[in-house]
């Protein structure tokens, strides 16, 4: 029957495709509700009729888990993502990202676009990376924080900010920005998108879709959209 | 139209209109009552009521949505009460979207109606009372017809706001296609992923067209009413 | 107060009040003008102007923020023009937050003032004109004083809305502590992390207190004005 | 039904302190602008709650500051013609007229068609009040109040904006209303002629206080109150009865003072009339004048003489038991050697008695 | 300064088609309720744009439908006393009064203190209009218009809500305004007495059309127009001059018809007056009556006789070149055997001439 999936908004493109494919195969319907992970988690805790939850970070999945709402043994770290430095326009100069790299000189008094560095996952990862690399203090005052990654990306694509830190998945699909460098994988905590089957899901179809997410064809689609498939 | 909108988008359009219309219709009686109370009565708690009405304007929509979730959600006290005793559920239903839209639009509706009520000449109401009309009848036969333009303005503001409401709705009832996914939620989802701008723009255009239609309709009605009252 | 708010939060409070006050003050003259035009003039484009004014209400705030970015951003046409010729920049400044708040609040302000203007008896304005007052003087000496309650209502609605505005602001000028981090942005940030509700609630209380103070002030002024006009 | 009122109310700079009884019939409130007439009427209507005092109508207490009782306006069964028309702008003239009737189900009332005809507002019925002329508005307001079938009628200068011709049509209707229904009518007017014609009771008000109150006949022919009404309006009200409609357009009336001829009075022989004869219209002659155009010459006796104004003399006359007043110059009084007890002749032109001064009904 | 007007305007169900000239002095618009008086005044004020026609004041075109010229109201230098007061509710009485003056800098005008005194609104100056009585509002509106130093004064029933005493104070002021300033005054009134006293020009309006227009003297003493004004108001206006203030409170006037005594007229010997003598106040006698209270007996000759009404006869008389009117019954006319050319006596009581009928100024 119907599978209701609450998923972080950044997964929309990939999940839409996967769900369509799976529906066509199995005849079950998938209903996808995209919003911020925090809102979804709170809704689930408040009794939302969701069968599956895919969060953009571990903390919100933990919050749901602590309420005892994730089915026993039905939680998995589904996807990973990479953090990249982007610049406005096509064909921007690549930047060598390493400890103490001269980000503040690159900015030249202009802004570095990021998601909220203390609360939105992409921002938190970015801040961690910059701290590890020892450049956070130099640029802290020049960081323009958006409420989500896409908004940060928009700031760069419109040229409002010359540089930004976003997910590789987002950067790949935007014409007007260039990925000028990858952050070293050890400079920030691993980016994980955990998926969990919720206690409210009674149906076999729910479980099937949960499993299918880790399957091969789903993996291919996730990868096509720039995600790292974790297992 | 159907060929350049996916069924899901088409559903979001219909849902948005339905939610907005219900939000306006269902909150109108209370809106008129509260506006009347604020305009005409002096009672302890006047300021408090006024503050309460304005609250959804002051709070970031997300906060309002969160409070709604806590109050009217499945585990919320009011939500449980309504569910058990009246079988009314708001959580994760289109009714919840309507509730969120109604609450977000309420201050706009109340203020417009209140301004209209304050502009009614009490002398006309007095005249009606000397002719035998009780308070309620005075209201129904004199005040109400005279504030119609204000009510209309309030309704159109509320409708427009309801069409655009996003933060409270998505926080309260999430973004479930066919059930709670309104136009703004759909637009939001598109804006969260690469390449979604085109689709978002299309939906934005639809939202604009619908709201403008409502606006034109209201202006037209208001003008017709004004002509009747002013002219011969 | 300072002991239970961090300096950054304290800064957000001050900035929010500043942004809201400026948003209201700067948009007031245009608001009165547009309200007057919509209420009293018949011109081609009347419907269009009316629609334009309501647009921020209809669109999800994020979309409005996005459009602002495209228009008033540093690369936006208007933004570049203003920057080059007048040295006015909105991008990543508190001025941009004020602009966003003003635009989001504009429909509310205009509608309140428009309703007030429509309630002014044109016969009084005629009387003033027979006494030698030109259109502008009629407006300044008769219409304006009579619509003061409506202007006040519009200002208070706009102020409340500006205090609560979040989506358009953060999209347009993002969130730079001390420069563009308003109260709602700060609240939003807290709500993004598990367990942040307590801190958010503290800021919400502050927002409520400020808005209520503005509300009480406006009611008090309105009542004083009404007493003067109505009584002996 | 009797309306009794004793109220006291303070505004900044103005104090109302009035008490009077208004019996069935028409009670005219007469006084300068700002003397408190509208305030009194508003108190009766329940639109104003007096600081102190009591208002009672036919045994029903409308308001009483000692018990705190205050009947709201809509339960007072009023018809109030406001000083400004106060028509409902969103209703047609017809709907305005019928507004009160709606709430007066059960009480039986004036006939719509007749009122509309009398007020000449037939062509306006489907219009809205917005663009009515001043007089049209006032007529509709009058109709609205009358058609609500009130038990008390309050009228604040109801005829002020009307032309004489229209007034002449409405006055007889108000007289019938007064005489046939027995409802108390409180009537404010600045026109002494209107007051004299319509009032059965007159209440004179000055700066918030009642300076005189009583039956119209007594107040209007009392030399003490005459100056308050204006010298020109001093006069007597006498009873008359239609005796015959004579061929040449004149009507012969029988009065205690003798026959009086007037231009056509539209009333059947036998009808009782109130005739107001202004003091200034009465000429005195020592001998019965001959060869003059005045038709009415009455034999009278002087009761007393009161100097009035700078040069005038108000002469109270008696003619067959009826009191008459004449106002002449002191010079003439001296020249004619007038003194109380003297017999002489009062001359009255038939056309002097205004149609507005011939009222139906008897003198109270 | 002369005001000329020829306009045409259609409302649903009402057509105005009026043309007349209003020379310096006071032009009274007289007509039934709904006949179009306010509409005409609004056209002059520029508050209404007539479908067709032209309005000109002292050479200045105010509006002309052929050229499309339309001077906005605020550039017409008007003082308009509206039928309803239209006071500014947010301003004090004082500020209301001074409102127009503010825009009339340069033009010199009436003195505030004098106007306030005359209107009796001194105690109200600091109040706001909200709670003024009907008459108080009207007086403030009157003051506001006058104090704006207008070049054209428009008055729509300005005295309707006022008591006789107050009117008696205001009328002489309006006369002075009319005579001293030379500004054209358009004046609407339903009171024939007011019109007769104040008007230098009279325009009769019926259902949107001008039925008669011309100098007040001619219109008011023309038997053809008398019925339009109301029979009771028919009368002649004659010129008089104060000759002496006599000791007993009477004033002797010289007229072409002979001396006339009236109760004290407050004017210095030599002052020219307009005297309105109502036809109904004139009694005719074949022989000079003796021993009567009436002081004024004038030798007159009959010019012509016009039957009027059901039973009346309007007799045009000549006395030393002045025209007089008498209204008597047809029965008396027959009994006295009246015929044109006949000589007889007109008898007029001194007190019959209302103070309101003695105007300052000469007959136009």
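By written order: A, B, C, D and E. Residues from 1 in each chain.
Here, a contact is a pair of C-beta atoms (placed from the backbone, for glycine too) under 8 Å apart; a residue touches a chain by one contact, two chains touch by 3 or more.
For each chain, UniProt lists the protein as follows: B, C = Molybdenum transport system permease; D, E = Molybdenum ABC transporter ATP-binding protein.
Predicted model, so just to flag it, every value in this text is computed and none were measured.
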Quiz item: Among the other chains, which touch chain C and chain D together?
Solution: B, E
Quiz item: Which chains share more C-beta contacts than any other pair?
Solution: D-E
Quiz item: Counting in whole Å, what is the centre-to-centre distance of chain B and chain D, each centre being its mean C-alpha position?
Solution: 57
Quiz item: In angstrom, rounded to a whole number, how far apart do the mean CA points of chain B and chain C lie?
Solution: 20
Quiz prompt | Where chain D and chain E are represented by their mean Cα positions, the distance between them in whole Å | solution = 26
Practice problem: Two or more other chains in contact with one residue: find those residues in chain B. | Solution: 62, 66, 188, 191, 232
Quiz item: What residues in chain D touch two or more of the other chains?
Solution: 11, 13, 84, 127, 131
Exercise. Quick one: which residues in chain A touch 2 or more of the other chains?
Key: none
Quiz item: Where on chain A is chain B touching in the complex?
Solution: 4, 6, 9-13, 31-35, 39-40, 42-43, 46-49, 148, 150, 169-170, 172-174
Exercise. State the interface residues of chain B toward chain A in the complex, per the touch definition above.
Key: 62, 65-66, 69-70, 73-76, 91-92, 170-171, 174-181, 185, 188-196
Exercise. State the interface residues of chain A toward chain C in the complex, per the touch definition above.
Key: 36, 38, 41, 59-60, 62-63, 111, 113, 116, 118-120, 143-147, 151-152, 154-155, 158-160
Quiz item: chain E touches which residues of chain D in the complex?
Solution: 11, 13, 31-34, 38, 83-84, 123, 127, 131, 133-136, 138-139, 156-157, 160-166, 190, 192, 230, 232, 248-250, 261, 263-264, 280-281, 283-287, 289-295, 309-312, 326-333, 336, 347, 349-352, 354-355
Quiz item: Which residues of chain D touch chain B in the complex?
Solution: 45-47, 72-80, 82, 84, 86, 88-91, 99-100, 102-104, 127-128, 130-131, 144-145, 148, 154
